[in-house]
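Which chain is which? They are A, B, C, D, E and F, in the order written, and residues in each are numbered from 1.
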Amino acid sequence: MRPSGRSFNEMREVSFETGVNRYAEGSCLVKFGNTHVLCTASWDESVPPWMRNSGKGWVTAEYNMLPRATHTRGRRERDKGPGGRTQEIQRLIGRSLRAVVDMQALGERQILIDCDVIQADGGTRTASITGAYVALRQAVEWAKSNGIIKNDPITDTVAAISCGLYNGSPVVDLDYDEDSSAQADANFVFTGSGGIVEVQGTAEGDPFSEEQFTTLLSLARRACDELTQKQKETA
Amino acid sequence: MRPSGRSFNEMREVSFETGVNRYAEGSCLVKFGNTHVLCTASWDESVPPWMRNSGKGWVTAEYNMLPRATHTRGRRERDKGPGGRTQEIQRLIGRSLRAVVDMQALGERQILIDCDVIQADGGTRTASITGAYVALRQAVEWAKSNGIIKNDPITDTVAAISCGLYNGSPVVDLDYDEDSSAQADANFVFTGSGGIVEVQGTAEGDPFSEEQFTTLLSLARRACDELTQKQKETA
Amino acid sequence: MRPSGRSFNEMREVSFETGVNRYAEGSCLVKFGNTHVLCTASWDESVPPWMRNSGKGWVTAEYNMLPRATHTRGRRERDKGPGGRTQEIQRLIGRSLRAVVDMQALGERQILIDCDVIQADGGTRTASITGAYVALRQAVEWAKSNGIIKNDPITDTVAAISCGLYNGSPVVDLDYDEDSSAQADANFVFTGSGGIVEVQGTAEGDPFSEEQFTTLLSLARRACDELTQKQKETA
Amino acid sequence: MRPSGRSFNEMREVSFETGVNRYAEGSCLVKFGNTHVLCTASWDESVPPWMRNSGKGWVTAEYNMLPRATHTRGRRERDKGPGGRTQEIQRLIGRSLRAVVDMQALGERQILIDCDVIQADGGTRTASITGAYVALRQAVEWAKSNGIIKNDPITDTVAAISCGLYNGSPVVDLDYDEDSSAQADANFVFTGSGGIVEVQGTAEGDPFSEEQFTTLLSLARRACDELTQKQKETA
Amino acid sequence: MRPSGRSFNEMREVSFETGVNRYAEGSCLVKFGNTHVLCTASWDESVPPWMRNSGKGWVTAEYNMLPRATHTRGRRERDKGPGGRTQEIQRLIGRSLRAVVDMQALGERQILIDCDVIQADGGTRTASITGAYVALRQAVEWAKSNGIIKNDPITDTVAAISCGLYNGSPVVDLDYDEDSSAQADANFVFTGSGGIVEVQGTAEGDPFSEEQFTTLLSLARRACDELTQKQKETA
Amino acid sequence: MRPSGRSFNEMREVSFETGVNRYAEGSCLVKFGNTHVLCTASWDESVPPWMRNSGKGWVTAEYNMLPRATHTRGRRERDKGPGGRTQEIQRLIGRSLRAVVDMQALGERQILIDCDVIQADGGTRTASITGAYVALRQAVEWAKSNGIIKNDPITDTVAAISCGLYNGSPVVDLDYDEDSSAQADANFVFTGSGGIVEVQGTAEGDPFSEEQFTTLLSLARRACDELTQKQKETA
């Protein structure tokens, strides 16, 4: 039995609210239950120095938690630089989005994604990826409707979900209560057409078996299909 | 004529939405027109080391702008530490709130205020102070209703507003368009009973006269009276 | 009664000694009683990158306290970067000086002011501004007499003084003893012709009234007139 | 055809040299072909502050590359702090080792693993984990033979290997040439008894399929069995 | 022929002015020609944590150059931490002073020396050591006359001088002009009774011979005897 | 009697192993007894910005200790930047090597030396200099045999040794046991033809006499002659 009463393959209620920032070219407030992430996409008509004259564009992401996003207040990272966990997550978000963007079609420009976690109840990285896609989609629509680009550089959708072993059983979309006592924790990133972009699985206590891992993979696949559906309805 | 069409003594539409964070003991999303600041108040049953055994409490604040709060994306301060402007603002917020809290009555505990600017259209420091008071009020109510404190340590309300000389004329509550071309910029913090907590006036171009400064002071006083009224209706 | 025996509107003995550094283009050791600040002005025939090709110059300032300037030894800021107070003060010094310099007349060059506090007995920021003006004046004279510039870019003098409420009464030019127990502390920057460049007033304990604030403003005005007179006699 | 001429399921020559540091309680120079990592295990009779009085021990790891471990010289991280990649890897090493240590049996003491890459030809993180286990094993033997601990806290062996898609085909133990042009890159950490400790798979270009991923998993499993065998022969 | 017209074994004019800081327990403004260093000695009735309960005291030093001490303005170190040269010099000053203090006689207390270079014309480290001794002496006199210590912990005087090869010839007390074109540069620290505390010699261009080095040593010895004499007349 | 049983003028066993890094243009594992330093020389066809168009080259060095090089594990410097001791040593290594390189003959290119201490038993800086010369020699041979340079820019060999007063007697090549209780510690850098590049002598306890210092100088000279011989046999 899950603390939230959800069945093993049931995600939390997911919603996307777009246009939440009047300055950003794309923006989306994504909610996975009580996990709320504000995603903005900033269009930048330049690329980092090392990409100049390559004819290619770039998509990158930053991730941050507001200090009181969590049960107890955390320290702001600006006093010590972004920690390893933050960097790991923001690199994951960036890689996931780049997997569905044709950099040649984008041309020499950059899209910067900011994922600021307003409230955190587990699964902030998967909510960030899923919401960031929607903000990215909005920014590309903005660029198209303003005649900045002609061809759509987005080649597919992308979404992410966590799975894990809770009380020995596989469950999908762990909230904080489950996450903090799960034996295994895995994050999966899928494209809309079913390709795997990223798999990350970690045994928190005892190692898990190949069979258990395969079950988590299937659960994640089905959840991402649902997320893809919702993304398409939104953007 | 002001860019927004407002009259010289007309503030932007102001609103306070409380209870916007399920974990924080007090929270308030304050809006001064398109300036939106998320304020949380975190109750901490300990004080900084230098205050231990003093029998007194402490109230402190942190201020931050999300990177895409502004027209063009700014760099996160975590890569370089909080800048001088950030520190100046957060110290101002802290001082303003402490002016209306009886530290003896609070007892040896600390209230940490976080002001995260979601969207910035001028006046973020004055909106922060005004909203932070509401979050602080909520946190104190929470503590009282949970039996943590008996006596109310808050002695008065506190609110803040900016004034300035725009096209040579005094105006109240400058938005970004006005702020970026004002000849003088002043911030005032008043208590609900009309005491001055802080005055900061700076000539951006030519120095201003004593008479002009006195006019700004009156404008600010009247605007803060309105804000006080709204704060009392909210909290 | 003031600890020093001064009357409420009496400044400490003020002196300016120029030419105290054989390398700097301008230099001045300013003393406000036991507060001693070494001010140097360094002429730089270049401007910061963001000002190039603007045809305009720049004036900026750095402020620092020697570790044993105070009663007990303080820690050097180089181990942790300049703190918020330091940054706030040096920005104030820079703004105050820029208010009396015509950047177009200065041309694309920079004057860097260094204010190093040798001994601190209250009022270091106001002594710094007042002494920095003299060092700036010297540097401009140097540039004129060396044929580097023809027209004088300085449009007015500038001076600063602190006022406050001590034992409930308004007093001018607070020393450390008064400053550490004042109810209100305000700094004023005036040009020689009586314009206000900056006003900063803070209630340390109870808020103060508009009337009290107006009295402080008058006291400051008269003190700055005296400082202006001395500056003109020196430089 | 692989650049090295190896067959798809053939690892590079692997060797472990123990006792290479006269001061460390455990040490091992591990070689996976031209990838050489110096692993030391330092025994510390104290635990981090947050673990005191828990009755439990801790195992942690640091990872570093010498500047000329690579084809072109890299910059030392001490000038900028450990980067995200470094932190990600050293956390992975730490987690992998902790999965096979019974912290209760270890008692309140800490084992610090240092993995310094002397020469890097791909797969430094998997070589580090595999060699670190041997150093850890040595340190535990040292503690047992010196009567510091009685019961062996190590519950299993642990080893790691990389797999990937090179020219569309699954291969094991990628060297630098393969790694820099692989379409997919995955790292697997297995215990000696076949449990999965960690799975990390990333599509570098196009997403990969579930079937491809399953093949990589099998390849890794078999390679780790071989590594386990060699570890047992060594330690 | 030396640029200053001095003979090869002639030091610049040296002076010590004591009591230049009203708060410091000991202070001395030392001048070696145009090199001016403000030295303060701060008495601290505590020792660093690692010395507690040792019954012994400590003497340590910090060295700093004001930004405009030199011909062209330097950057303040607070923006980047003390550089290697600064650390090297301040460790040298501390070692030199500790060589003439009996830490047991001092007891568990610390004397902190600050050497702030006001104007630099070569030889700032040797002037600092020589002036720091005088400030230290003053602080010990202060402690004795205030009954804080009974026995004098200072066992000898200490002084320092630079020597070098200029145009192939040995000269003493190099000024900036000589220092910047010397072939060899050496610093010597002697006690009043003629013991060597520190020798540092560096070939800037071609290596020098053992014979040349011996000549520099003799020159330094005689100069330090003169400095010792002046120190004794002052303190 | 020395702890190691060596006679006063007997160095530890010294060896040089070249070609230990397959990527570096020059490399040498130098051993002075149990002190082991891995030296690499990286050839860089560019110079630092401030040397461009000077027609001259540059040689620079970095020094680092692996955390478990010592009896107890030290903290990695990357978490706090290179300390003063590290900077002092690496500047010494750089200066020593530059004393035997004709920068004009080298041309506009840079050789970067890395000295990473694998195991430390005293004398790491002298071993580093001596081994770094061998790596430098290898890199120059590589450049000559690849037609990158024609003329040999190396003008002489360079080697270094420590001497000190142990139990009142002069000894050469101190190991850790001697170094930690020596009354005086001196490092000498000689060229192969007998010129002095650097002399550094420090009294750890009581000052030493000029006569004692002269004895150390002679001991060092003879030891460096031996090292020079071995270097020539190796490279």
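Basically, contacts are C-beta pairs under 8 Å (C-beta built on N, C-alpha and C of every residue); 3 or more make two chains touch, one makes a residue touch a chain.
The chain list, named the UniProt way, goes like this: A, B, C, D, E, F = Ribonuclease PH.
These figures come from a predicted structure and were not determined experimentally.
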{"item": "Labels of chains that are neighbours to chain C and to chain E", "value": "none"}
{"item": "Given chain A and chain D, the chains that contact each of them", "value": "none"}
{"item": "Furthest chain, CA centroid comparison against chain C", "value": "D"}
{"item": "Most distant chain from chain A by Cα centroid", "value": "E"}
{"item": "Angular offset of chain D relative to chain F [C-alpha, multiple of 5 degrees]", "value": "180"}
{"item": "Interface numbering overlap (same over half, different under half) for chain E and chain F", "value": "same"}
{"item": "Identified repeat of the B-C interface (over half of residue pairs identical), from D-F, A-D or C-E", "value": "A-D"}
{"item": "Cα-centroid distance, chain A relative to chain E, in whole angstrom", "value": "60"}
{"item": "Chain centre separation in whole Å, for chain B relative to chain A (CA means)", "value": "33"}
{"item": "CA centroid of chain A to CA centroid of chain F, Å", "value": "51"}
{"item": "Chain E: positions in contact with at least two other chains", "value": "81-82"}
{"item": "Chains in cyclic order, anchored at chain B, direction fixed by chain C", "value": "B, C, E, F, D, A"}
{"item": "Sites on chain A touched by chain B in the complex", "value": "21-24, 27, 34, 38, 40, 42, 44, 62, 64, 66-73, 76-82, 112, 114, 116, 118-119"}
{"item": "Interfacial residue positions of chain B with respect to chain C in the complex", "value": "81-84, 87-88, 91, 95, 99, 186, 190-191, 194-203, 206-210, 213-214, 217, 221"}
